[in-house]
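Each chain gets a letter, A, B, C and D, in the order it is written, and its residues are counted from 1.
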Amino acid sequence: MIDRLFGDLTRAGLAALAAFVLLLLVLPGFATGYILSVTTIILYLAFVGQAWNLMLGFAGLLSIGHALFMGIGAYASAYLFARHGLPPIVGLIVGGGLAVAVGAAISALAFRFAIGGVYFALLTIAFAEFTRIMVDHARFLGGTEGLFLPVSAESRQGFDLFHLRGRPEMFYYVIMLLCLGAHALCRWLLTSRAGYYWRAVRDNPQAAEALGVNIFRYRMYAVMVSSGMAATAGVFYAFFYNNLFPEQIFSVERSIEMTLAPIVGGVGTLFGPIFGAFVLTPLGEVLTWAIEWLQHEEIIGKQVKVDGVKLLFWGIAVAAIVLLQPRGLWPWACKRLGLIRAPEDREEGR
Amino acid sequence: MERLSSRTSRRSVLAGGAAAIATSIAPFSIGRAQASKLKVGVLLPRSGPQAQIGIDCQRGADVAINVLKAKGFPELEFVLGDTETNPQIARAQAEKLIDQGIHVLTGCFDSGQTLAAAQVCEQKGIPLVVNIAAVPSLTDQGYKTVFRNFPTGPMIATDAFQLQKELYTAAGKAPKTVVMIHANDTFGASQADAAFGLLPKMDMPYTFVERISYDPTARDLSAEIRKGKGTNADAVWFISRLNDAMALCREMVKQRWEPMGILSSGPGWYEGQFLQNLGKHGDDVVSFIPWYDPNKAMSKAMTAEFTKQFPNLQLNTNHAHTFEALLIASDAYKRAGATDPAKLIEALQKTDIKDNVTVGPGVKFNEKGQNTATRCSAIQNRGGKTPTIFPAAAAEVKPTWPMRGWDKRA
Amino acid sequence: MDTVTLLNVLVAGLLTGCVYGLSALGLSVIFGVIRIVNFAHGEILVVGMFMALVLFRWIGLDPLLSIPVVAAVLFAFGYLLQASVIQRVAHLPEHMQFLLLAAIAIAMVSGCLIVFGPDAQNVQLDYALDSFAVGGLIIDKTRAYAAVAAVALAAALLAFFRFSGTGRAIRACADNYLGAQVVGLNVSRLYAFTFGIGSACIGAAGCIILLLVDVHPYLAPGYTLLAFVVVIIGGMGSLFGALLGGILIGVAEALAAEMIQPSLKSAFSFALLILVLLFRPQGLLGKAGR
Amino acid sequence: MSTLLDVAGVGKSFKGLRAVHDVSFQVSEKEIFALIGPNGAGKTTTFNLIAGAIRTDTGGIRFAGRDIVGLRPDQICDAGIGRTFQIVMPFPDLTVLENVMVGALHGETDVAAARRRALDCLALLELDTRRHVYAANLTLPDRKRLEVARALATRPRLLLLDEVMAGLRPTETDRMVAILKRLRAETGLTILLIEHVMRAVMALSDRVLVLHHGERIAEGTPEEVTADPAVLECYLGSAPV
């Protein structure tokens, strides 16, 4: 089993993965609240990034409306908890189920009508935006006034996993386990029939079909798994932030946010989305420090807005990554550091 | 788009990037033990769509630091944070500020972002003095460390009705029908709900003929105005944001809609940008909003300092309420005599400030941390200025009502 | 609804729709030829608006008169952007192009933020608030100008692609990339030229829209999304399709606002988009067979 | 020998252009049957009709007694027809082994079994030394063999081979011929092939069908059709009518 899942890693790769997991496990022991909070966000982005990557990277389906599925999970679980007192596991089942059903319905329509590529992406945006406006008007979900999850000061200090009420450390461990779980799931899927079929359909649907792959069905599977994962992220989001506003949850920005880490890390790679998330967020921090230092040294004027400059360089940095490493940073890093075995060396591990 | 920016404290900037990392990783208790000044985290949307408001609020804080020092309050030290108009970032930034050793947090203008920061403050036991945020749940959710000296949406609506009555009595002319046009966002929808719920109890001379909600992200607002004009209501009541307010007002002129008056109970219609861009067409609008009382002693000091620092700007509620949030924090520190957050919270609960800047008898918090006595003002746009017309105690000029026609303005 | 109201709604929807179409023409030009979905569309529009604003503040130039200047500058910008950057991702999958353009868009918005600040700014012109009144019908003057400009611009572009040598060469590239190469057309130069034309077109639209809308950096993403909706409904690559798409959305939104609730009006444009994508994915006036 | 594939009067037009018109033929079990004809004769269209890639306008196609018109390509693969593409279509970002595993997963219940089967097919096509190369990096002859290996891995009863010898050197062609003959002998596979390389056609085929302008002009053993004047005419340029 280990071989099948991690057969692609070299000794160095396995050691790096183990060290990474170990670091994540012990982080709350010494990190400040801020570091923990940022790492929670990074892990959340790594988790949704993996969900999104599963669709584009594995099955070749570009979605720019993934906030829809995340939002369905968030709103369903928040609604059931806030209005009916049902625990998040119920929300996960209902919200996840709903997201999977919506994902299946959208993709069934799209594939039935042979919508592909950019058009499929725009279809996902259209559905996400449509849903945002509908939730804006859904009084039972709080509309634009927001949906709030009840939380008491005592429960904030606790560790109630069943109700997802507790300290930031608890949420950190929950999202960390979800993130690692998603990674294991992706590894398992990629080495199973679905993984082979997805990649075949991604590379050449016509040839895949001639080899007996029901491309409609396998594309649907990809969308369904991905939307279910995104909905899971939504449940986490709802219980972590406790306040939901449609324009925050369903916005195009949120959908785009999900795509950045996997694209920068490496679309279609297993670890790329996680790597991308751990690169992008600190990149913003480093840029801020650099600019503030430059301002302090009076190399650039104080009147220059830090945020504008930061995002300017951030945009340029991302563009540079696309131009220089179009396959993402992770494959490049792997090659440099020798973390991944070349296909011909994998046999020996078996 | 994940962006985790921050403004590190001035001190950490001095030490450069490496030290900034060290500061943010170091346990926050060390930073706190060394402090002699009260370290106040000022968390505002300094970038993103609300950037202009966040930057505006900061001006109130910059004014407060000098005025409070002159008035003999203990010295403040600011640690600035940026929410980037995103609750997710607001939460992380609140954590960061607390790690940097702040004793009290103030902010965050927007309800969603303030709620996110409130959760962190609650968990860490750090007091949060809200400058601006009207969502009722902020003080209804049972936070023990949240203090708000800003009226909730329903309070603003109630005051708007009462101030309107004063206006109509003074002017001797009242509308029979009013159309409500509001942004379908958190602030707009909750206040519109409150207004429609309250109207029957308020004994008003008019009824609402229609409630028109619009999407604040819409690119074009001509249909909204056409629909409003089509109701033939005597007056129109807007709850909007700045950019929509400008678009809506311009559409009213274009579509030649001249009701008895334009009422507003939200941001936008009185802000400097609005007055500047609309010119004479922005005149005569009456806004019912939390405001400063120009006749109070503290307000005079604030106004003087503000004019000194920002000679080209108009003092507004963003400045006044941020100023007052710092006044409240400073006052609590003075009485607590310590920077220990628990003692500060205790002192904040016992706040009783009479010499303040906003309208009403002063600052006092109920058991939920809400100042229920804070009141709104009615202000009217006059040639680029926004004098108070009601309540009488705070009034600077007499009202113009009904408003002048679009082509009858000099 | 009485006849006058209905007429007002329809006329206003039509004019607003023309403005929508105008704002989307450039996207259609670029996609129609280069097959690149320009995710920085709204950002280029906002840059155009800011340029017109600067010209107005600086030398008091009416935004309508600044069109040639803004269009020329943005033509150069578009030409260089395609020739130096976008050309290099032409062979990459769609999502990489999307990310590259989204990153460029972020950089452009930030640049505007640094230079112009976050405030909404506008030009104050005497005629900007004027309207014609014909009986009970009120026609917004600037929107009427914008509508005329939109049709004129679309016609000019169409004439360019139909009758000029360069325009015909560009069409040849769009129809048959390999064939164009075989007959010796310099395809990458023509692509750069097309991106330039598209950008110039966006710049012209920006000048006109500045009469209607206050410009601020965060305006951009909304216009990008709007342009997508308009162009897909009308047909990617079709110039009059963009106008038709704009008008359909404008009228649909105006009717929805009047009869239902304005805050729901964009739901109708997205519903329209979904229907078109499903039943006529090439758009109403687009060519079949993607 | 029983008939495995029965093509009866199929026709297909594209925008009024007749690509295939009223073509009929039968392929018996374990037979190697060749379709030949000049470019544009409708051979590949006929293949695509059988494989379900495009739908017939007229006529019927029965495979093992079952009507397969209107089935999707994957259903036709399920029915037992494997195919290759004239313009090779490897999965470029998959290794050679993974490419063949996609085919092998059809009909195998688990990945390990598919892997074993894929290795067998690669050995048969003499591609096993290249199994860890990404398909994008293969030479053309190797890609041609990869196409065959992949189709073969789906365990078809009928294999449709579309110009798999094109571009191969004579020695490679002979190797491929030997491989296909061995396949038939060992597994009882039926093969329908389109081929321009007459050397291969003559060596392999039991029967040959000649198409010209979408119509059938001759059918018989390789020797018979090469002697047919109509065939010679269509290949060597038409005599004045």
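Methods note: a residue touches a chain if its C-beta (ideal position, glycine included) is under 8 Å from a C-beta of that chain, and two chains touch if they have at least 3 such contacts.
These numbers come from a predicted model, not from an experiment.
Hopping across touching chains, the smallest step count from chain A to chain B is 1. Of the two chain pairs examined here, A-D and A-C, the one linked by more C-beta pairs in contact is A-C. On a Cα centroid basis, the chain most remote from chain A in this structure is D. Comparing per-chain C-alpha centres with the mean over every protein C-alpha atom, the closest match is chain A. Chain geometry summary: the mean Cα position of chain A and that of chain D are 44 Å apart. Distance between chain centres (mean CA atoms), chain A to chain C: 32 Å.
Centres computed as Cα averages put chain B at a distance of 75 Å from chain D. One inter-chain figure worth recording: chain B and chain C are separated by 37 Å, centre to centre, where each centre is the mean of the chain's CA atoms. In chain B, the positions touching at least two other chains are 1, 47-48, 51, 184, 215, 217.
Among all residues of chain C, those that touch two or more other chains are 106, 113, 117, 261, 263, 266.
By the document's touch criterion, interfaces exist between A-B, A-C, A-D, B-C. Interface of chain C with chain B (complex): residues 5, 8-9, 12-13, 16, 19-20, 106, 113, 117-122, 124, 128-131, 133, 138, 140-141, 143, 213-214, 216, 218, 222-223, 226, 250, 253-254, 257-258, 261-263, 265-266. By the touch criterion stated above, chain A contacts chain C in their complex at residues 56, 62, 64, 109-110, 113-115, 117-119, 121-123, 125-127, 129-130, 133-134, 136-137, 252-253, 256, 259-260, 263-264, 267, 304-305, 307-312, 314-316, 318-319, 322-323, 326.
The touching residues of chain A, counted against chain D in their complex, run 191-193, 196-197, 199-200, 202-204, 206-215, 268, 342-344, 346-347. Here chain B touches chain C in the complex through residues 1, 47-49, 51-52, 55, 184, 212-215, 217-224, 226-227, 230, 242-243, 246-247, 250, 253-256, 273, 277, 279, 281, going by the rule given at the top. On chain A, the positions that touch chain B within their shared complex are 31-38, 41, 45, 133, 136-137, 143-146, 148, 150-153, 156-157, 167-168, 241-243, 245, 247-248, 253, 256-257, 260-261, 277, 280-281, 284-290, 292-293, 295-296, 305-308, 310-311, 314.
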